[in-house]
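Have a look at this one before I ask anything.
For clarity, chains are labelled A, B, C, D, E and F in written order, and residue numbers in each chain start from 1.
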């Protein structure tokens, strides 16, 4: 099967990193194609970026002309758009935020999310709540690092561990990497902290494979019916 | 004071109708300027439209070059984007969804929302929940009419009353017009139904005037901090 | 329009202070009349006081013989009675507790309340919850000052700021003055703390003006139907 | 031990009926004294009545000069005041609303309340919620009868059974008599409906006996601290 | 009346201690019979123990051949099984977890539970939530002591007081002994802490007496219908 | 990898059916071993059965001596025990109840569960709530069929469709088969109803494969720490 993984921002290097994470998780018969939006923010940090990203990712899939795919993984942690993509495409859609939480719920009684900037915590809380998995979330905490600073592995790791301690004190028994750019960190920090750490990219790939494997697709009854035919203009094309 | 009212779609006639509703509600010293997005959907019905609309409305305000304004009213019922606009502008921002609910809470123990298509109900429920006013919402119900069919006043009124009965049976003591395009309907259906009917456009204008009058603005601490400076591309500019 | 503002206690000086706050918030066409209960507690601090106050305020409006008014503002933060007054009078009724919360929700993702004695915190939490605006309340905290000690501005301000830090640590992005007697403090503490501070008296005046301006009144369907005609005796008249 | 049972209204016959119910439930060593407020509503139906009743019942206990008692039972279903009485007296206080719900929770997974007028349903829901026992309440439904019509046993029984069917359809496995004036009905309707029916008066007497028997009293830490000494005037003494 | 009190583990000394606590609480006409499961864990600490205990306690009552009894008290704090026993027996069933919480709700606005090991806190939270009394629980905290260490009274008391401070800081106004083996401790720690402390064993005995006294029994409508006749094998009988 | 699938009852035929469903869902490299408890109920319908089943399934895994396995799937819909198994074994544990809900959340905004007897609905609701996925459950409804009647495919299908209509009317956009014995039904009823139908057995197999594939295991911090060493007796061994 083929899974399309959409980055939520225009930074090509981050797409590549996400694809690496996705491929590491994917099963033997799964091909992973990374897609980078042609417009949008260079990183998504806050509500404005998130809405811009949502429209750009929907547009990316709307105009996609590559080989057919079996599922979409949306790799923007806490970012908007998943319901719109569910309306648009005819294959299962899994967002890394919800995916990480779904798996985390299976591993402990309460989980915590460690993300980048504090300003993103509220968005993530809302995203988890609406996905239906907010109940067992003990805390969403920030490391103070921004998305593009995650390249410095040592610093990121230290900041993650420090923030994780706060989530654990709030009751978390499992942790979630709260940014697609943290992919790959799970093993190192998991060992340091002595508890399971879930990466949303890997989780979403596995959930997408699961849905495809079971022949399940998005319901068209109710909320996620196909978009109505109508006039739409997709942006102005200037920075 | 000047209030900018943003339509959530590109249909100029609807902007005019919304502006009429806003002006009818505005106090003597308030000027109302209607703005129509330069891109986006011609009507917002569903999640895909809503995210496209959110980006287009943010872009509209980002590139606005008219006279200074004191507040923004976002006139898309149940549509996304309010948090992003709060980050962007330095004046209070009121969304008509939350505005109607805030006033409805003051008029009865439970309120209900009557909207257009059933497919929009979920979005509205989510919007109310995140705005912090979902608790006293007894029901969100659809009339089965789409946004652009609202022109036929008689048919709209009949459909509204029929749907309203379901909301009342679920416990609603106050009703909310669940679409900016319904503005003006409140008096007629309120009389027929014998209970108060709140129009979000009018409600948002009054709440915006209230915040401006009290010298209150969006908090920059936490969730609604200003957008970080970074590269962003606003769409591709093709339909 | 005329707004009647009811103090929740028998202390005339506090009525005057509240009226000053209300007038500062009122629009140009709004006359504010302050009313002091003829019986009840000299300050409301705790449940017993609150219930006594509720009955006294209802009685005050029941026996009011002054000029006609267009709305009632109930100026007892966290005090009971609003639903009873809604049954009694034929104009909109706005309680300062809920009013402050409604506006605060528009200014940040979470708000906090800073009140007088710790013993009042529970009452305020309950009041917010039943008004339908408890979801986004991050914390209700006390300053340790009682109502009649609020006269000492410097001490009050210092105590407010100290308590506010606790609310902010709990996630508040906006603050609410949790006592009618704090009216006027919002600007000073807002500047010190660097975030918006909402005064319930001003908020309630603006919301009352909004409802009157939109021609909206309390629903008579369900909970707030008019009181049934029957024998009632209003107290024993001794201290 | 002696339990004082306070009627919430001034109708002496209803006090007597409540006392009969309380005595039927009381253990061999328990004396029951019924108290009728000297002022207040002749029946409590709605918020205005409820707040008036709350103040009158508090005043009743404040000025009580009879023999010492060990507990207070407040016999107004859904009426306000319990927290104020907890502040005032130094013995346990049990309200019949919460009492019925506490016992009902032990008898089935969900319970329902059948009360008098539909207008009272909201008050009861709020009372259960704040008492901490709202979660397992499936429904609060009205019979359409007012308090003083309950004398007609046959009609009351028929109306109760009809309303109870709606609560059962909503998931109730246990029923609660939603008015002190229904005391005595539990056996007859329980047999007809084939499920347990809890009378709040009896339930409160047993819970009061339980607390006294265990030597437990109201906490003075936090919410229910003793009222502060201050000037208070208890009503005007005219109808 | 006769109340059967079931220990949740196979330690006979603990049954005796529980029976002492139950008898101290029981009214003059109440006989208390303690029962020890013939199989199960020697102490219940964690989920595995709890499920094993649940089956063993159900089996204990299923095979009971002693004198008829009027109610069952299940004396395992936070342990599973109560719903199964409700299906099985034809008399009221009260679990000490829920019992303590029901009474605690009557004594303060929020209560806290102090238990043995931290690992038990989650189970207790779940048990309270499903019993319908979780809303007013401020905190469940552990002392770090295991069940069989509770014999050392001084150490237990000190650990209890230290843990209780954390619950009080979280808002608890009343405390609950979170282990059947703590029975008897309530008076000593209550005095030290200056607030009421509820022992679940005593609470459950009083609630059982209350239900029996009122002639109330478990509803057979819905969740707690009698077990269906079918083949069942009760364990393998080896350690 | 090897997944052990535990039936919750002693009926060997049902184990075989479950194993067929599990194998149909399993990936190419996954071996599925079905296990039937050596004791317990012949079908689990109600709380008593569920607790008996929980202990028997834990004992089954405790005494398992077959080849090493990588994950456990617990195939009792709505049955207890998953937390105990998580404590016991060192590999991921997935219960079919939670598994179906996790996947259903990805396919629609609200899901519904269609189960066997009405008496099981409450248990399932509780199981979903504690698993952290109750929020988006619109309804749990019964077909009126018991577990062992599910053999009649036509009747089961008709009863399922009738019950499903009620869940859809309550807002379900996705359905879940609420019994392990319904495995295989998903395709037929899904086509009839026009929406996705999730089978818990298949869902759990995929989630187990996902966790194993990602190298994730149960957290030992907090709730699911290993059972303490102590004396335990596993049943009496007679029917």
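Observations
Following the convention adopted for this analysis, a contact is a pair of C-beta atoms (placed from the backbone, for glycine too) under 8 Å apart; a residue touches a chain by one contact, two chains touch by 3 or more.
Quick caveat, the model's predicted, so the values are computed rather than measured.
Under the touch definition stated at the top, subunit D and subunit E share no contacting partner at all.
Over half of the residue numbers found at the subunit C and subunit D interface occur in both copies, marking it as a same-residue contact. When chain centres are defined as mean Cα coordinates, C lies farthest from subunit F.
Counted by residue number, the contact pairs of D-E are over half the same as those of B-C, the matching pair from B-C, A-B or C-D. Of all chains, the one whose CA centroid is most distant from that of subunit B is E. Rounded to whole angstrom units, the spacing between the C-alpha centres of subunit A and subunit F is 28. Annotation: 43 Å between the Cα-based centres of subunit B and subunit D. Of all residues in subunit F, those touching 2 or more other chains are 83, 109-110, 122, 129, 222-224, listed in ascending order. In terms of inter-chain touching, the protein chains here make up one closed cycle, each touching precisely two others. All chains join into a single ring; listed from subunit D onward through subunit E, they run D, E, F, A, B, C.
Looking at the complex, you find that subunit E touches subunit F at residues 10, 38-43, 45-52, 54-56, 58-59, 80-81, 83-88, 118-119, 122-123, 126, 129-130, 146, 222-225, 227-228, 230-239.
Residues of subunit E touching subunit D in their complex: 25, 27-29, 83, 92-94, 98, 102-103, 105-110, 129, 131-136, 168, 171, 173-174, 187, 194-196, 198-199, 202-203, 206-207, 209-211, 213-224.
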